[in-house]
């Protein structure tokens, strides 16, 4: 019985594939396979002329199936599906063989690669023979976007979407938006103050009619899929009536409880009722119930007494908000590496060993010292050491480069010199000044008086037990000598790390993490904001360490991705779902509890299981457990997979 | 460590009925220069309910000296001890830091580096022995800390060494390269044990800085310098004595203290004792049995008030 | 790497024999991980051929048997790490099947090293390459398994009429 | 039953099987008389004395129907299968052994040598000091004696000859046998290659109450008396009903015993044993590997459980090691000692 | 900083060195790997208690190895200062076990070296071979005899005090029961190493 007419298209991908795999041999091999009526190779099959080859053959030779041997289907499957569709062939009758990522790029030997490519093409042709036409379905998209994380990435994304006229929910865990950037003093390379450039954006977020700002809130649950995410958000009780509160701050003045302020990185204090910093948005306090005397003992209520508009609400409860969203942007930021993990650096052991964000707070005019760089005892340091790569580029901790530390160090050196008379020693392994105007900035600072750059990694910070001075030990690797540098303050430029709850967040949003723990983008270069979960995008330092310009760029980029979804108004959902063949189903009900989406139900009248295709995501788990073979995973059915197995195993 | 072990340790032992908890590898020093370490370790652990059985016919682990002289031999020699321990079917306890690191080095090899591993196995085969994978090797300090536990130590203390200021000096090879201790550079296990027996532990930042070890033989000048620094910090921090857990450290700091004083014009009189001597003493064991008299710098005056 | 074996040499454990390994990879994690190995230009033996499924949960144990039946010498199933499944928990289903299936394979006399279930995330290109390398190495050491037809042929010299059996697909 | 113009010529053969299938033919009771009216039996070793040469003498295609029961274990059975195929218009694989290898095929976990060692050497009742083994050829003064060759594996009938119809079951239930005979007589046969039983799985006709399935522990039948109203799988008993073709009349289920799968897989099931294994394993709830393993270890002997009747029909067919004969011999020795 | 002595720049003719060969030689030692990954950060040097005594810092030794300067590396004093404290090893950001590198260098150097350290390690090895265990007095006396017999006099006072404290014994040590095994072990090692 003659099978469907199959055309095979082998792509050279320039030399990416052709440089390893013998194109002629592969093309000829494919031509010999049963049902193959045409087999061609071409330099770039994804190019217009390449696609035209396929289209012409579909029309002229009446092809019924198309096999493209090229890159990963994750790359160009949509391209070739479209080409088939344009030529009148159902796009689900196209199958790809991945002979680049999984063959030419990973195989040393050309002959072996050719052999493997043949097997992969054979497998694809086998599967193609059994393919069936499927129709895409579309579902409407909710026009709202959810943004998780109110740092600069989330803020940027929210504003862009709002300004484009679409509705945004911005959810932030802390009482104020602003993220880590709000803690910074000056920003490199221009040295403008972070607050000066960030605060206006924060205010715009609060004021924009298209933005619903939910601070002190967390996403609890995410269900659904692109265009139709159903999200549960817990808005924690601030214990104040936000409508009545005018942000006067009287409560904070009078509150008797003092606790370390997280925002000040342990260097300053706050009250039990507080806004984390003066420019907070919204500028309304929260009561930290863990530390508030009233919640502990039932007494106090001073804030309630002093509040002019009577806005304190001790009995306020958490609010649960459920909302539908078309797209989600995750911008949850980073966590600084805890340098006490490596006690050799002295952090946590010596008072005047601080990390980068602590220095930012010291240097910040609104910080605990009013912008003065002071030692713990209140005196000014005479010498300061700055250590790069604390935890970064270190297989003991984080293997990757944190990218911003070199520039931050240069900035710190400058700020120390600007505000004190201290000598500055900057201990670097390599100076990586990769951004626009960064090298220029470095060149400026390097020339400043009493700033000394030493090429060598700070190995250890000791204290002279007699003088109390800190001793930094380093090899000056350019001289090949050992140096012990006495200083009063050590600034550790610690690594940018994934947040400690990154795994939990990743699971909640159905995204993955790369080996370094950051969220995984769909494609490192070409799809940096997309994730494997359609409709969920990532931006900023939750994806990898970044400076502010890059973070802002990604925030805007993610906004574009989200807008693409919500403006389209509808999304295509895959027709590759499961189906029950009624005449084969005996109603054993094994499949029903297997479906995580509850897409399978039991039809009592017919005595068979049935699949709700709108709910089914097409994982095929049910098909693999259906003993009688009544459940079929469309596009990945038993016949197709058996044929593929035969193909890869054939000689 | 497993709970079972803790239970075992706590279990009262009738005469002869109990299987020992560990095979004990004393190492050469504990049989010669560091006999007080040997005696105080075995005796105080017995009080704490841990029985050690000396590994029969053990041989020198080769120390780091052999690692430097002959790579294969430096694995083969300690491997014989591990093979015999495996035959005995018990985990191994080690008190000497140098032995500890050397034996662990073989363990590490047993888990990795296949081609070299088979070479070592071949040498064992030549003497009719074999080693199947790594052997559980425990430092006695770690056993006391984990398997006995601080609570049990506190319970058993007869003489609380209240007011005795001790600088805990671990040496380098106990926690490095990376063993079972809390941190390779700033372990705290000995600190906690000393506190549990009532002593005041002084801050000692050099707690794992090197004493120079065997280099005292070949590079005496510079090694004396290292030891001078170690003594200096202990003195500055106000320590009455230094507690150690390694025979080499003890020897360098104690036996050479006089030489250091004459070289650097200092006047250190810091007794250097094994932590187990203090532990045993606190547990009520006899001062003499703990071998306090064997040190070059006498420790007696600091212990008088507790006796 | 020598070449992936010429048609005839594979039948017997001759010098030219090259193991065949079939890998069923889930689209979201392991297939992406394999793509990442490619993008990173990591090298691993060409003996391993990938079949894409949407979820490791789709991999019926029969697919694995089918691969061995067709002459595969080793089979890899790759899924997302526990908790990371794109379909919430398909990989747990795979794990459950594996726990019984492994014992079945052993009863069939398939050495444990020939079948592997691995959790490989989209970020673990290096792990994928390592697993591929290890699996091919193991299978190479175990030697050829041969297709069912070959094995029966070796057993009784019978050329079976309807080679295939079992598979109703 | 309509009057046939000409009497059918019927052959029945018994290969590697217990003989139950032959009895099953008699189980159609008084209808056997109708059969006798309708058909001339040309071969039925269990009941009538025919010699091979009588069969050889028949003209090709002269037998209308051959009901072949039993699997193919040795060369004699194979030769007969081939001979009967040659002489018959319609070849029916009759019973689970002919269809899928049946119980005898469980021996595919062992090769000839280890079976012989067990049977001729190591069973406690064996007294065989000379370690005498069956030989295919033995010369005696009177001439050469031949015995059939015992194969390393058990084969199903369609491995060696083309089969036109399959009647599964251990043994096939009388109703099915009668239906088949009727269909043959009436010439109302489905397309060749068909199985003369239902298309869905046994759950379709099983009357037990079924709910959404979740299992917390697996049990074996001797461990407790299951609720006769409830699905056995839901009670933790491995029942192959969901994967096994319907048509048996639920004889086992009615006796409160689980289906063991003698009707073989449904037409769209991938593989009888593996499919049931896959289904059974996923019924267990939980995510912790250690806990799961504990529950799933309750499924003892997966091969014997899931391939009880269909090992010769499986994808892998035989235990791989049964091929390296020497290697196997050593193993057998160990097992024996 | 000390004033560096004026010195002409060294010229290295790279074709005189074979870095790959030296790396291979070191690669044969277990635990010696990743040398090529060294970032030259100097943490090893700065962590070393004795690096200030060395002519070449540990970091520089790695770079010299990578340049293939075998003779120069083996002639350096760096490895003889290693006290096996492993500070470098635990801190190395690339996970290089510098201590193992030092052991390897010593082992290679000992095949030809004739310095004080070499004598010590050889004596040590001999003692263990003889008795199966180490005996300080025996070791020290033999070491002194091998190197500088006069040093025995210098060691005298300490030795006497050690004797007095029972920390040393002058009695002739008895070999362990398994001394024969130890001997065989040495022989086998020699046989295997000889092949190498």
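Which chain is which? They are A, B, C, D and E, in the order written, and residues in each are numbered from 1.
One rule holds for everything that comes next: contacts are C-beta pairs under 8 Å (C-beta built on N, C-alpha and C of every residue); 3 or more make two chains touch, one makes a residue touch a chain.
Since the model is a prediction, treat every value here as computed from it, not as a measurement.
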Farthest chain relative to chain D (centres taken as mean CA coordinates): E
Chain whose Cα centroid lies nearest the overall Cα centroid: C
Between B-E and A-E, the pair with more C-beta contacts: B-E
Computed distance of Cα centres, chain C from chain B, in Å: 50
For chain A paired with chain C, centre-to-centre distance based on mean C-alpha positions, whole Å: 32
Averaged-CA centre spacing for the pair chain B and chain A, given as whole angstrom: 48
Distance between the centres, which are taken as Cα means, of chain D and chain B, whole angstrom: 70
Contacts with two or more other chains, residues of chain E listed in rising order: 90
Numbers and ranges of chain D residues touching at least 2 other chains: 266-270, 275, 278, 282
Where chain C touches two or more other chains, by residue: 60, 62-63, 66, 89, 93, 97, 167-169
Touching chain combinations (by label order): A-B, A-C, A-D, A-E, B-E, C-D
Touch list for chain B against partner chain A, complex: 183, 185-186, 205, 232-233, 236-237
Residue ranges of chain D in contact with chain A within the complex: 199-204, 210-214, 231, 233, 241-243, 246, 266-270, 275-276, 278-279, 282-283
Residues of chain A that touch chain B when the two form their complex: 343-344, 349, 462-463, 465-466
Chain E contact footprint on chain A (complex, rising order): 344, 389, 393-396, 429-430, 455-460, 473-477, 479-483
Interfacial residue positions of chain E with respect to chain A in the complex: 1, 4, 39-48, 51-52, 56-57, 59-60, 90-91, 93-95
